[in-house]
Amino acid sequence: MSERLTTASFEAPAGVDNARSRAMVVGAIGLIATIAGAFGSSTQFFQSYLVAFVYWTGVALGCLGLLMVQHLSGGAWGLMIRRILEASAKTIPLMFVLFLPIAFAGLPALYEWARPDVVAGDAMLQRKAPYLNATGFIARGIGYFAIWSLMTYLLTKWSQDQDGRPGAPYDKRFGKVSGPGLVVFGLTCTFAAVDWVMSLAPHWFSTIFGFLFIGGAGLAALALVITTMAQLSKTSPMSGVFEQKHFHDLGKLMFAFVMLYAYFSFSQFLIIWSANLPEELPWYLTRLTGPWKVIALLLVFGHFVLPFSLLLSADVKQNTKTVVPIALLLMVMRAVDLYWQMAPQYHHGAFHFHWMDVTAFVGVGGLWVAAYLHFLKGRPLLPVNDPYLREALASHGSH
Amino acid sequence: MTRHNVSPYATVMDDSQLTGRPIVLAGAGPYGGDLEIDEPLVTGGKKWTDVDRDICMHAEQFPTKKWWIAFSVALTGLGVLVFALITLFYSGMGILGVNHPVGWGSFIINFVFWIGIGHAGTLISAVLFLFRQQWRTGINRAAEAMTLFAVACAGIFPVIHLGRPWFAYWLVPYPNARGPLWVNFNSPLAWDIFAISTYGLVSLVFWYIGLLPDLATMRDRATHPWRKAIYNAMSFGWNGSSRAWRHYESAYMVLAALATPLVFSVHTIVSFDFATSVMPGWHTTIFPPYFVIGAIFSGFAMVITLMTFMRGYFGMKNYITLNHMESMAKILMLTGMLVGFAYSTEFFMAWYSGSEWEGFVFKNRAFGPYGWAYAIMFTCNAIIPQVFWFKSMRRNTLVLFIVSILVNVGMWFERYVIVVTSLHRDFLPSSWGMYALTAWDYAFLIGSFGLFFTLFLLFVRFLPVVAISEVKGVMDPKVARSIPPRASAAPQEA
Amino acid sequence: MAIRGILGSFAREEDVVAATEAARERGLTILDVYTPYAVHGLDRAMGLEPSRLPWVCFLLGLAGAGLKVWFEYWASAVSWPVNVGGKPWNSLPAFVPITFEVMVLFAGVSTVVAFLWVAGLRPWRRARLPHPAVTDDRFVLLLAVTNAAIPVGSITQLLALHHALEIQERDFEEVP
C-alpha cells in the first residue's frame, strides 16, 4: 500500500446499486403480498410480521453491537468491516417505522397480556400488568429505538467526519460512546427481547434470555458481514483488500458466536430440563412435541453441529466459496430459530404454518436489504483516514 | 500527544514515560497523515539478553529477605490449614458452622471463590492469545501459575466437605464391588469432578508447554552441573530447533482453542451445582454466563494483586508496565459491569416472573438479615470498579491494588450471599435458621490463602515468572538485538 | 554418524529468514534453524509442511467424546439403571457436560504427548546446542556439506552475504 489512499479509492461498485434495486423489487412484492393477506387474516399478518421484524431488527442491532465492540477492541478485522456495520446499523430508524404497526395495531393479536378478556381471567397476568401493558410496551419500544438511533447517529456521523479530515489523529469520541454504549445496548436489548419475544409466553421467564437474543443477533450480523464482504471482494475496489486473512478472522469470530449461542441455549435448556418446574417447563414441552420437535432437531444440527464441524477447519473459514454458504445457512437457521421460539405461542402449541410467514420475512427482508445497500453505497467502503488503517492493511494474518 | 519522526521505543525507560495512548509517527500514515503505533510492551530499552537475566535472576540468586518474610507469612498460613485439617479429621464436621438449614457453608463458598480466581490465568493465555492481545505475554506465565494454585486450593474443599474424605475416590466412575454401582451422571456434582480435574490437567500441560523454551534458557544460563541437569530434564532437551518450534506453535494454538471453551465450561458446571436445583435464588438460567463472568472478574482482580507485588518486590516493572495494569483495569471494569448487569437482571426477573418464591428470595437477599453481605457484594463488585472510567485511576497502582482486593472481598461475599441466603429461608418458615462462620471456618479460609501464597512464592523462586521467549517475540528487534543497526540496506544475492 | 556442517549465526531475525530462503533456493541441505523465540515465516522458508498436530487433537477429541457418551449411556441405562428424579435412564442432555470435558481432556493431553513425540523432546535427552546462545539472542542456520557440486566457499559466502556474525565449519556428532 504505497499509493495514497483517498475516499474515491473505495467507492462502492455498481453492483451494489443493482443489488439494491433487486432487493427493493423482491421486498415490494413480498410486502404487497403480505399486506394483501392481511385483509384475509389480520391476526396472521401480525404474527408473521413480528417474526420478520424481530429478525431484521436483530441483524441491525447485532451490527450496532459489533460496531461498538470493534471501536473498543481495535484490530484489523474491525476496520475492514466498519463501514458494513455502520450501513447496517443505519437501518435502525427504518425498523422503528416498521415497529409502529405492531405497537399501535398489533398488540392484541400478538400478546395475551394485551387482551383484556384474557387478563381478566388470569391472576398472574394481572400481577404482571405493571410491566406487561400496552402503554409501557409502546413507551419502552420508542425508548429503545431512540437510544439505538442516537448511538448509531453519533458513531456514523463521526466516522463520516473522519473521511473529510486526512491525517487527523484517532477520534477518541468513538471509544467514549462505545464503552457506556455497550452497557446501555446490553440493557436495552435484554428488555427488548423480554418485551417482543419472551412476553409472547407471558407466564414464562428465563434470566438468560437477553444474552440469548444478543448472541443470536451477533451471529446473524456476522453472517451478513461475511456474505457482504465476499460479494464485494469479487470486484474492484475491494478485490485486493479483503483477503483470506480477513475472512479467517471473521470466520473465527462467527465460529465463536456459533459456540456461544449454542452454549447459551443449551444452558437454558439443561437448567429448565433438570429442575422440571411447572412454571418453566411448558415452554420447552410445546416446542419439543410434534413438528416443533423436528424443527428443534433441525436447529441442533443446522444451527450448531453442521456449522461448528465445518468451521473447525481454517481452510473453510478462509475460502469465500465455503464460508459464504455456511454464513447463509446460519442466517436461515437464525430465522428458523426465532420462528421456533415465537410461533408455537400463537396457536397454543399447535403447529401452524402460513404462507405469510415467508412473504412477511421476504418483504421486510427485501426492504431492509435495500436500505442497507443504500447506506453502504453512500460511503467509501473503508475508513481511509483512520490512522490505524495502514497497519491493518499490512498486518499479518497468522499468529 | 507528541508527534515523533522515528520510533521512540528505545528511549522509553520506565512507566513514567508511558501514557497508555498511541505513539504518533508524523507523516508515516496513509494519505500522508500520521501513523499511530502502540507503545512498547517492554520498557527500559531492554535487549533480549537482558530479558534472560532480569527474569532468571530471581531463580538464580539466593532468595532476598523480602522473599523470606513473605514466605514465612505464607507458610504460617499453610500451617493454619494443616492444623485445621487435622482438627477436622479428628473432631468431625461439627466444628464448622454448617447445620440445618444451611448445609452448604464456607467450604462451598471457598470452593467457588478459588475456582473463580483460577479462571483468569487460562483465560489470559488462551483467549487473549486468540485475540492477539500481545500484552498478555508479560503476565500470562504468572497468571497461569495462579490458576493452577487456585485450582489446587479449590480442590481441597469439596473433598473435605464429603465428611469422609478418605472415600473421595468413590466419586470416580470405576468398576467397583458395590454393584457395580456407577456415579449418577445426571448430577452436577459428578460433572464437577470431571470439569475440575480436566481443567487442572489441561491448564497444567498448557502452562508447561509454555515453560519448555524458558526452562531451556535457564539451563543454558546455569553453571552448576546439577542445576543444568535438572533444568535440562525439565526442558525435555529443548534446543530452539525450528522443527520443534513449528509443532510447538501448532500445539499451543490448539490448546488455546481447547482451553477457551474449557474455561467457560468449568464455571458453568459449577453454576449448574446451584442452577439445576429447584431452590429459588439458585435456579435461574442466567447462572452459567453470570458465574463465568464473575470468575473472570475475580481472577483478573487476583492477577492485579499479584502483579502489584511482582512489580514492586521482584522488579518486573519493565515487563509488567502500567499499560499492562491499565488493560487489566479495563477488563475488570467491563466484567464488573457485566456482573452488575446480571445482579439487576436477576432482580428484574424475580419481579417480572410474578413468582412468590422468587420475589421473596430477592427481597430477602437485599433487605433481609443478610442484607449487609449483599450490600458489601454490590458495592465492591458493581460500584467500586466504576472508578476505572477515569484513566488516572486505571494508571494509579495504589488504587488498582486496593480495588483488586476489594473486588475479591466482594466476590467472596457474592458466593456467601448465593449460598447462604437461599438456604437460610426454607420453604417452610418452621425450617428457617441462620448461619454463622466459626473460628474453624475462618481458619480454613486463611489457610487456603496460606497454601496459595506458599505455592506462588515457590513458583517465583524456582521458575521463570515471565514468559521469556514470548516476550522476546513481541519486543522491537531494532531495540532488542545485540548489535547496532547496520548502514546498508537488505542483502542482495550475488 | 558424523555430519559435516556449516553453521552461521545471526543477530537478526530477518537475516536468518533470508539466508534460509537463499540456501533453499540454492539447493543446499538445511539441517535446521535455531531461534530463541518462534519466528514467523521460517517454516515456509525451510520448506516444512505445516504441523499435523491439529488432526491428532481432532481425532482423539472425537474418540474421547464418543467413548464417554457410550460409557455414560451404558453405565446409566444398561449396567445399573437408577431412577433419579424421574429422569429417563438415557438422559442425553445431562451427559453433555461430562462428554465435553472428556473430549477436551483427550484432545488436550493427546496433543501435548504427540507434540513432545514429534518434536523429539524427551526429559532424558541431553539438549544438543549448535551454539550456546540460541536460547538467548542468536539465530543459527545449520547447513550440511553433502552436495559436492556446491563448494564450501560458496556456502560460507552466502552466509556472510546475509550478515552472519560467525561462520563455523565443523563435524556434528549427529543432527542436533
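Order of writing sets the chain letters: A, B and C. Residues in each chain are counted from 1.
The working rule: a residue touches a chain if its C-beta (ideal position, glycine included) is under 8 Å from a C-beta of that chain, and two chains touch if they have at least 3 such contacts.
Keep in mind it's a predicted model, so treat the numbers as computed, not measured.
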{"item": "Per Cα centroids, the chain farthest from subunit A", "value": "C"}
{"item": "Closest chain to global C-alpha mean, per-chain Cα centroids", "value": "B"}
{"item": "Chain-chain pair with the highest tally of contacting C-beta pairs", "value": "B-C"}
{"item": "Centre-of-Cα separation between subunit C and subunit B, whole angstrom", "value": "28"}
{"item": "Distance from subunit C to subunit A - Cα centre to Cα centre, in angstrom", "value": "42"}
{"item": "Chain centre separation in whole Å, for subunit B relative to subunit A (CA means)", "value": "34"}
{"item": "Sites on subunit C at which at least two other chains make contact", "value": "85, 87, 94, 97"}
{"item": "Multi-chain contact sites of subunit A, meaning residues that touch two or more partners", "value": "270, 274, 276, 399"}
{"item": "Contacts with two or more other chains, residues of subunit B listed in rising order", "value": "186, 188, 249, 253, 261, 268, 272"}
{"item": "Residues of subunit A touching subunit B in the complex", "value": "1, 4-6, 73, 75, 124, 127-128, 131, 166-170, 179, 183, 186-187, 190, 194, 203, 205-211, 252, 259, 263-264, 267-268, 270-272, 274-277, 279, 384-385, 387-391, 393, 399"}
{"item": "Subunit B-touching residues of subunit C, taken from the complex the two chains share", "value": "11-15, 18, 22, 32-39, 42-43, 46, 48, 50-51, 53-54, 57, 61, 71-72, 75-76, 79-80, 82, 84-85, 87, 91, 94-95, 97-98, 100-102, 104-105, 107-109, 111-112, 114-116, 118-130, 132-137, 157, 161-163, 165, 176"}
{"item": "Contact set on subunit B toward subunit A in their complex", "value": "1, 22, 24, 28-37, 129-132, 186, 188, 249, 253, 261, 264, 268, 272, 275-278, 283-289, 337-338, 341, 344-346, 349, 351-355, 389"}
{"item": "Interfacial residue positions of subunit A with respect to subunit C in the complex", "value": "266, 269-270, 273-274, 276, 312, 396, 398-399"}
{"item": "Footprint of subunit A on subunit C - complex, ascending", "value": "40, 58, 85-87, 93-94, 96-97"}
